[in-house]
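What follows is chain A paired twice: with chain B in the first complex and chain C in the second.
Entry: the complex of A and B
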């Protein structure tokens, strides 16, 4: 196939895909135009934010951060055995390696909110469902990022410790862990940042945190309060990002 | 050409492993840890531990609650072990709607984000006083989760896939605008300078010295965003904004675990497949960056 034909084919394919999607969702420009005033109206009704309401939101916000923290650490602990099983330099048995990677890849296909909805159905409405969902979600990402880093560490210390005849547990704790721990901590911090963002919306499906209040204010048409919550969330997410980012740089 | 690959890697890294570069540095330094860094790590570990304990104590977990949860878990596993495959046609319907939402939102945002990216790019030959402003705005959009946009748009256009398309589009404009700008910033300034020196206007510089170099990066970015949008489009239905999330929510609220398991299995398969295809295409694009250099210069 010549180079000039291929882009044409891709273009035709894209147009077909687009047409198929427009048919399937009955999206139209006129509908968008008709909907636009409703959006601006909504934004107008949100202003001004009800900042006095924020006093009552400190508790839910703290709960949100707690959820993120618990989910991150639990996910990190769950990830450790899978990381060791998945990396080529810590596990020489190929089928086991594949199994471990299949588990982490499968878990990573599940979106955060979907996990939360499932756990709400399992353990009921509340932050416990959120923590469970965040733990599973974090497990997938932490294990992938850490095992990839583990595979790229300098092999020499690993060989050296093995060469002096250290048993497997000692080799793990004295050679592998020191090499990969700084990275692991960095990944945990990054995961915590992500989880704070995610935890703020999990309440929308009933999994605890400030999202629960956002949903409540929206259903009662208290748009000023909703905007206040959104602004608070924005500020907290930014602050935690900055703090965690600074900490991450200090770690190395 | 190396610059573009740098950009792709950077946004890849920001999304998938923000700590990757940090990690690479730490890997190099981990053999020779300064005492201060070691102390810092110990402090971080201790603080994390204390905070974890505190948060756990506030969660209100009790042994009865854990036991009840375990019972529930066993019941769910038994129910889910006999998947209701007759539900598959409905699952496919929902999945198709999710894909529609992702396709529309990604393509619409890919176009709409371009002017924003262009304004935000702080490339020496196209930057204006608006660039930092546009950049800040695009970053601000990205701090709000997609699902929040979905809820807001549902208030405006009613529940259904349309609200989902709007929500994903807005979020994706924030995402792609920012990374479009970043990709353009990494285009080498040489060709632009040459055109400028020959008396070309700003539009000509963009058209001939910027876009040809940035295009592969753009394509790769759009594909990556599509993968993410597919994921989000599967959960939009949980709040009522169309897609397979609706079927999931129905099955969950009616405790039809044998249907929930069908949805989950289909989602794992579908998302894995899309990731693999898109990942392959992205790989091809990034390879083409170095491979097509000579042939493309003879074409024009």
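Entry: the complex of A and C
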């Protein structure tokens, strides 16, 4: 075990790092304040939102949610074998475990927007790149969170089902799956919430979804339309978060 | 001549580089015996049981079940062996989120082709056997209830039904009544005794309630610090023998166990849901340990 670190020491370190970052980026409160008039100016130009345009944005918004859904499910399916290979209680072969963990850790080092940019370069502009990026992004997070949950599952029922002489696949489906399924579904729902938010910005790099339209309207100074998109996104993300959160609480 | 059901010769078990959980243990169990293994917590009782169905491998010595050396079996042969051995546990070890029926059907997994088991495609006979097992333990009504909605006694009866669904010929029971109230403990012990008498299932049971061991077992094996220190009929379990098993101070407490054979006698120490309390008390003085042990099997919560 590594030695424990005193919280006070961490606090001092954080303060130092914060100061260092302020110096490095030349951020100051006065500069932020100086920008305030520009904010009110922008808001005045945005108001009122272009509600006629809203109707035309329903299609792109639905596409955004579809991208999130496809990315979440694809990532989840890809994650399943890696989860089983990565967890110590389902895979006793250490090199295989290391390989599985290396894959999931490697994938998670790539930020979502970077993945999207890469896929746009590979498959071209459009939602296909977005779905591919979200799938890989989701795979990394789902596999990591679920395998950690799997390793903390109660080992005793697992032992009991092994003791009846169940073959490995039957043991997986009858002992491991029932125990870890609620965790897995919870992670999937959480991932869907995250992906809806991420999908709204992937359009900025050309990977489909409503972000493309947001960028376009801003570029052409159509602030009323931009505000309509922002409000729509806000409403949809909030609604999905609420529904998904309610579902997750019922998973026990 | 048929080989003994269980034969241990010079078995020792060391976990990693830690102390030896078992040292030079040898005994054999014949078909149809009801054998209780007694000893303090940490005496090696659980390890002993797990050696028999290969959940734990011995460091030295040989474990033979129905003439098969457990350590020399392929994984397929080991699964076939395990499918004939039922196991029930102190903490029941059910899949909590699954129904009673699903838990009992899991007992069939060792007898099904792997693909059927993986997909949960049980055959009609499997359902029939599971239904019969549930009827046997009186849980037919609760078949579709989730396991985590059951009482301790119902959970343990589900675990027994799982072993019945295996059509086990040997039953290993690891402190099966330590987590239920005394009345339920009796009902479960009666059930196990009946399985032994009526169905001819060989039973090897770990118990820390010495009075239950005396009452139900044909034969008692005593373990102390991983060594076999007693092997004989309940009548031979004298105070001196108890001292061998539980340590010197336990001798004075032994009469408590002996003169209090009625498990329904009231005691302040109820044991339902408080296995930890009993363990922590057990690490105190040996005499209090034995008294609590006797109470846990024999005392009624009040």
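Just so it is clear, the second predicted complex is superposed on the first by the 210 of 252 C-alpha atoms of A that agree within 3 Å, B and C clash if a C-alpha of one lies under 4 Å from a C-alpha of the other, contacts with A are read in each partner's own complex, and residues count from 1 in each chain.
In the analysis below, a residue touches a chain if its C-beta (ideal position, glycine included) is under 8 Å from a C-beta of that chain, and two chains touch if they have at least 3 such contacts.
Predicted model only: the values in this text are computed from it and were never measured.
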**Message:** In the overlaid three-chain picture, which partner chain does A:178 touch, first (chain B) or second (chain C), both, or neither?
**Reply:** both
**Asked** Which chain makes contact with more of the residues of chain A, chain B or else chain C?
**Response** B
**Prompt:** Which partner does A:122 reach: the first (chain B), the second (chain C), both, or neither?
**Reply:** first
**Prompt:** When the two structures are overlaid on chain A, which partner does A:157 contact: first (chain B), second (chain C), both, or neither?
**Reply:** both
**Prompt:** Does the superposition put A:113 against chain B (first), chain C (second), both, or neither?
**Reply:** first
**Message:** Quick check for you: in the superposed arrangement, does A:240 touch first (chain B), second (chain C), both or neither?
**Reply:** neither
**Message:** From the superposed pair, tell me which chain A residues show up as contacts to chain B and also as contacts to chain C.
**Reply:** 154, 157, 178-179, 181-182
**Message:** With touch defined as at the start, can you tell me which chain A residues reach chain B in the complex?
**Reply:** 3, 14, 17-18, 20-22, 24-27, 31-32, 35, 38-39, 41-42, 63, 66-67, 69-70, 73, 105-106, 109-114, 117-118, 120-123, 127-128, 131, 145, 148-149, 152-154, 157, 178-179, 181-183, 185-190, 193, 197-198, 200-201, 204-205, 214-215, 218, 230, 234, 237-238, 247-252
**Message:** Under the definition above, what is the set of chain B residues touching chain A in their complex?
**Reply:** 16-20, 22-23, 25-27, 29-31, 33, 37, 40-41, 44-45, 48, 51-52, 54-56, 58-61, 65, 69, 72-73, 76, 96-97, 99-101, 103-104, 107, 140, 143-145, 147-148, 151-153, 155-157, 161-162, 165-166, 231-232, 234-235, 238-239, 242, 245, 248-249, 252-253, 255, 260, 264, 267-268, 271-272, 275, 295, 299
**Fill in**
The residues of chain C that touch chain A in their complex are 53, 55, 78-87, 89, 91, 93-98, 102, 106-107, 109-112, 114-120, 159, 162, 166
**Request:** Mind listing the chain A positions that touch chain C in their complex?
**Result:** 154, 156-157, 159-175, 178-179, 181-182
